[in-house]
Amino acid sequence: MRLYEYEGKIMFRAAGIDIPSFMMIKGEEEIGKIIPGVSFPAVLKAQVLTGGRGKSGGVKVVKDQAEALATARQLMGLRIKGETVDSLMVSEYIDITREMYLSITVDRSKRSYLILASPTGGIDIESLVKDNPEKVSRIYINPGEIMADYAKRKVAKALMLSGNEASLLFDLLNRMFNDVMQKYQADLVEINPLALTKDGRLIAVDSKVTIDDNVQPFIIGQLERLLGRNPSENADERFKYVQLDGNIGVIGNGAGLTMATMDLLKSLGGSPADFLDIGGGADKEVVNEAFKRILERDDIKTIFVNILGGITRCDEVAGGLIAALSAVKDVKLVVRLSGTNEEEGRKMLKDAGIATYGDMLEAARAAVSLTRES
Amino acid sequence: MAILVNRDTRVLVQGITGREGNFHTKAMLDYGTKVVAGVTPGKGGSEVHGLPVYDLVSEAVSDNSINTSIIFVPPRNAADSLYEAVDAGIKLVVVITEGIPLHEELKAIEYARSKEVIVIGPNCPGIISPSLSKVGIMPAMVFKQGSVAVISRSGTLTYEVAYHISTKGPGISTALGIGGDPIIGLTFKDVLQMLQKDDQTKGVALIGEIGGSMEEEAAAFIGRGEFNKPVVAYIAGRTAPPEKKMGHAGAIVSMGSGSAQDKILAFKGAGVPVAETPMDVAALLKEKV
Amino acid sequence: MRLYEYEGKIMFRAAGIDIPSFMMIKGEEEIGKIIPGVSFPAVLKAQVLTGGRGKSGGVKVVKDQAEALATARQLMGLRIKGETVDSLMVSEYIDITREMYLSITVDRSKRSYLILASPTGGIDIESLVKDNPEKVSRIYINPGEIMADYAKRKVAKALMLSGNEASLLFDLLNRMFNDVMQKYQADLVEINPLALTKDGRLIAVDSKVTIDDNVQPFIIGQLERLLGRNPSENADERFKYVQLDGNIGVIGNGAGLTMATMDLLKSLGGSPADFLDIGGGADKEVVNEAFKRILERDDIKTIFVNILGGITRCDEVAGGLIAALSAVKDVKLVVRLSGTNEEEGRKMLKDAGIATYGDMLEAARAAVSLTRES
Amino acid sequence: MAILVNRDTRVLVQGITGREGNFHTKAMLDYGTKVVAGVTPGKGGSEVHGLPVYDLVSEAVSDNSINTSIIFVPPRNAADSLYEAVDAGIKLVVVITEGIPLHEELKAIEYARSKEVIVIGPNCPGIISPSLSKVGIMPAMVFKQGSVAVISRSGTLTYEVAYHISTKGPGISTALGIGGDPIIGLTFKDVLQMLQKDDQTKGVALIGEIGGSMEEEAAAFIGRGEFNKPVVAYIAGRTAPPEKKMGHAGAIVSMGSGSAQDKILAFKGAGVPVAETPMDVAALLKEKV
């Protein structure tokens, strides 16, 4: 669950991390609220979940009220990488001496917490790692260990901070790790840029916080109380769905098989429209819902169902397909059924007039050629 | 001789009274696996498929000879079940559960490793040494005994590959799903180290996917000459967009790393052929084994 | 640092652990305070740090105000194992269905936290372990692990609690472990008895809490704020002292050597009056203070100083001895000096008229026979 | 060959700029120990006795070949220093510091052990293999090279015993103080296991004291025949009253366990002679070695 910048900053503020003061403008009708209490210059920041907001013109410094109002009207409703801006942050302008990069995440292969720190910040971490790998320090925190003081000293050294600034950093790291990362079970807490100011403060000018999708319900409850929304609202579908650009709807069981199906369609010249994994042991209803989800779009020409039944029973899937058929109009259907109760399933579909295959490659070829024809 | 599970494997089922636990206990027993007991808190004293059910793992362990556990409990209790198995002295634990909170998974698995316990999974289909023992949820019929090991991050894709190796190829020594989560107990490299010493295994099908760097680490291991049996790889997710989780919590290209292209290049650089489709894996292996 | 029962209960209350309500009577002059607000029957409990208070008559149930006042006067000033009672707890009387034993401590050889639980309580754990070892369950909590739920279920089973009572226990264990043991870095948190009441409550009827002597200063600060006293006040002496019953004062450097000195004196028929370890690298001043401490008592006949100099320099110790000599009047002095700067030290003492030895056994023999003569 | 430290031991001093660290660095160098670097946060770039001082252990390790560390930092930072040494890959750490908070000690030592790092101490005099290497604070003159190992929970008592073994007996292979704290890294039993394999060691002086059950565990280990060289024990604290800490945080008879009598009985039951005084240890050993 990716959080908005302002939500991350609400967390930071609750954790005692120094942030620029800000107010939120939600929707056109609140733009007028900018006037009272804002001191200029200020920064208007479009609130979107996708990265690269700055480059897309989503962040503007405004010098007075008139410019603020005009810029706000311009930003509100802007499309950034497919996302429509419907809220703006009006943020205190910070006079920055130096911009740094600081984040805490989980390192998969070392099975460890990982602090990334760079004395230069403000650009995205991918470019940072690509262009100046020597400037990005990696400090590991073993999960069976506390965040040891020596690790904090390493981070201070990496960020070229000492004396009082280092003390501020130690405090910041404790708060990031204990009161944000651990408390809300984030899988990423990123401050980029972390600003050092002339008066020696360390300020989190931006925030990027991602919460683990699998957190226990009490964490969701805490998030909801803090943020006023449940960030997992759309996460409890019974299948997993990722939208793609193509025209062949893909339904598979198992993440690997479903990805392999996308890849196969592509290598045969087809174009997958989605990743949709109904998982193990799916019943009729899930299959039916999966169909509905794919057919929400009007650019789908074919639906390719690829089921290798283990726990999942082919006859159960066939039942779901047949139930969903009424909704399928101008869309072609190619079904591969193999594994548990394969024969029953294929017979059911045959009786309903749907051609089925036992082999994945044959089925994929059929799906691609059918799509070409249409 | 296969690896990790064989005829001496004696299994405890944690979460035996749940729907999945109950169903797969039966399937494992039918396969001939020596499942000997189950645990479900509060259900101690009852029976499932003729097996005794205990409240606590330590009770099950002291009453029965057990060396392996398989965990089916719901995500919110799964880390606890792993701690319980480790503290009771069980040295191989298969965690089927999907959706364990990341931080809990991280701590519990590091804990298990610090106690020298082998964890397969979480979020995996388990392990099968065909004709010897199955500790998992895979459909047994696609696994025929033979000489190729299958290691995979995915369940159904394992079945797809195993089916071809079993029907058209040299058959399977041990197949295991290492799991689709970001943090898992056994890596590809760990399993290759075990397979190196296994006489029955003459070749390996390694089924990777996007996310993380386990495939690259395995490729480097092979490239250094530390594994010297034939390997054929397949990587799922070449068409996956970045920053999106593809079904598995661990299948994500993030911060510029974990792409299928990187992994394919790594294997090719180590001299490992990479199959274009899952179906090609068996054919490529047949040439080498 | 051992805490008083009422201090442990203040901790328990702060941690949300259910305790009997109580008030404190400090000194004779507060006995009159018993009257208002106390409901009878009530329990008067002498506050002392030594165990076995009940057997020594330090706990009394009183049925009305008259009995309360009379009993309080009787208890106040009572001597219990050498300790004088100067404060009383007036505690709510709890109607107990069953008494249990529950404690958390640190197991040294397993390097682990250890929960001890018994379905019968109210008697001291030593007797419990000796008489009914099968009734005392040991549940280990690895320090690299959280207190896992399964461990709590084990404790519930050991205490024969289920259903709602088990839920209360789980909550109690969390509070004991996180909000007492870990928060204040206790090395023992004991509830004995833990009472199960007719209305299904779990109440900590007694408390025994010991805080690690080496806790960081911020823990001491927290304790002081909570308890209104600094429990480590007398812990910062520059040497380690334990009082014994004999008449030969013992000063050694190093805990093992000092204990060995006591043992040796005893085996030669002597009787050590104390354990006093000046530690490694002691200077003149420490030696001087150590002498003063021993001479506070008037039953000392001989002082036996046993120094094996490693870091500690014999000449430094000799200097301290000479400086302390003025305070030594009717007491004999036997000194063993060996090791670093041995010769300088022995010469200094010889010049001051003090006989010294290089061998521990010879010196101990001299100390015992000198003491006999006097 | 002695155990744990020898001519290949290359030592880092954590807390080298402190009074104790500085003093004993000089003493170790004088003895011939290969001390190669030091660490004190904030003092990086300076020198002590000609050795480079670093801010971080990882920096010292990457600049120098280091396999052993000795920690002199104050109690409130000592656990942190142990984490730092472990995470930097050092495999033998001697912790001299006395007074480390119990809970920190517990967690840090369990962490080190989970990473297969050997910790000697805390609250110990260190280790010496006479004529080869001294990583500790003991006065070198009382240790002459020979064939008896001395293991002890106490500092000065070790010197007392070692003096007699060195002057009147067979001399010393390795002497080490395992530490006077309740939680320590190496137990008597752990050290006996190492000594079993050490050719130089022909006999052992085991100097225990009241508190805990390490002596009983060592006795049981010897009693089972797992250690088969002659051992002579001495136990300090026979006259100590219960529930009182006798100098060492770990030297306490508590909740009815840890008495000298129990330990003496355990050793006698295992056929290990127990000396009446520290001075008798050398004589008893001389008969056997």
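Per-chain residue numbering starts at 1, and chain names A, B, C and D are given in the order in which the chains are listed.
Quick note on the criterion: a contact is a pair of C-beta atoms (placed from the backbone, for glycine too) under 8 Å apart; a residue touches a chain by one contact, two chains touch by 3 or more.
Not measured: the values here are computed from a predicted model.
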Neighbouring chains shared between chain A and chain C, ordered by label: B, D
Reference chain B; chain at largest CA-centroid distance: C
CA centroid of chain B to CA centroid of chain C, Å: 53
Centre-of-Cα separation between chain D and chain B, whole angstrom: 43
Chain C and chain D: spacing of chain centres that average the CA atoms, whole Å: 27
Residues within chain C bordering two or more other chains: 142, 144
Overlap residues in chain D, where contacts from two or more other chains coincide: 107, 111, 114
Residues of chain D that touch chain A when the two form their complex: 41, 55-58, 77, 80-81, 83-84, 87, 107, 111, 114
List of chain C residues in touch with chain B within their complex: 140, 142, 144-146, 148-151, 153-154, 157
Interface residues, chain D side, partner chain C - complex: 75-76, 99-103, 106-107, 109-111, 113-114, 125, 137-139, 142, 152-160, 163, 180, 182-183, 187, 207, 209-214, 217, 234, 236-241, 243-251, 255-256, 260, 276-279
Residues of chain C defined as touching chain D within the complex: 51, 106, 108-109, 111-113, 125-126, 129-130, 142-144, 182, 185, 187, 212-217, 219, 240, 242, 244, 252-260, 262-264, 266-267, 272, 275, 277, 279-280, 308-311, 338-340, 359-361
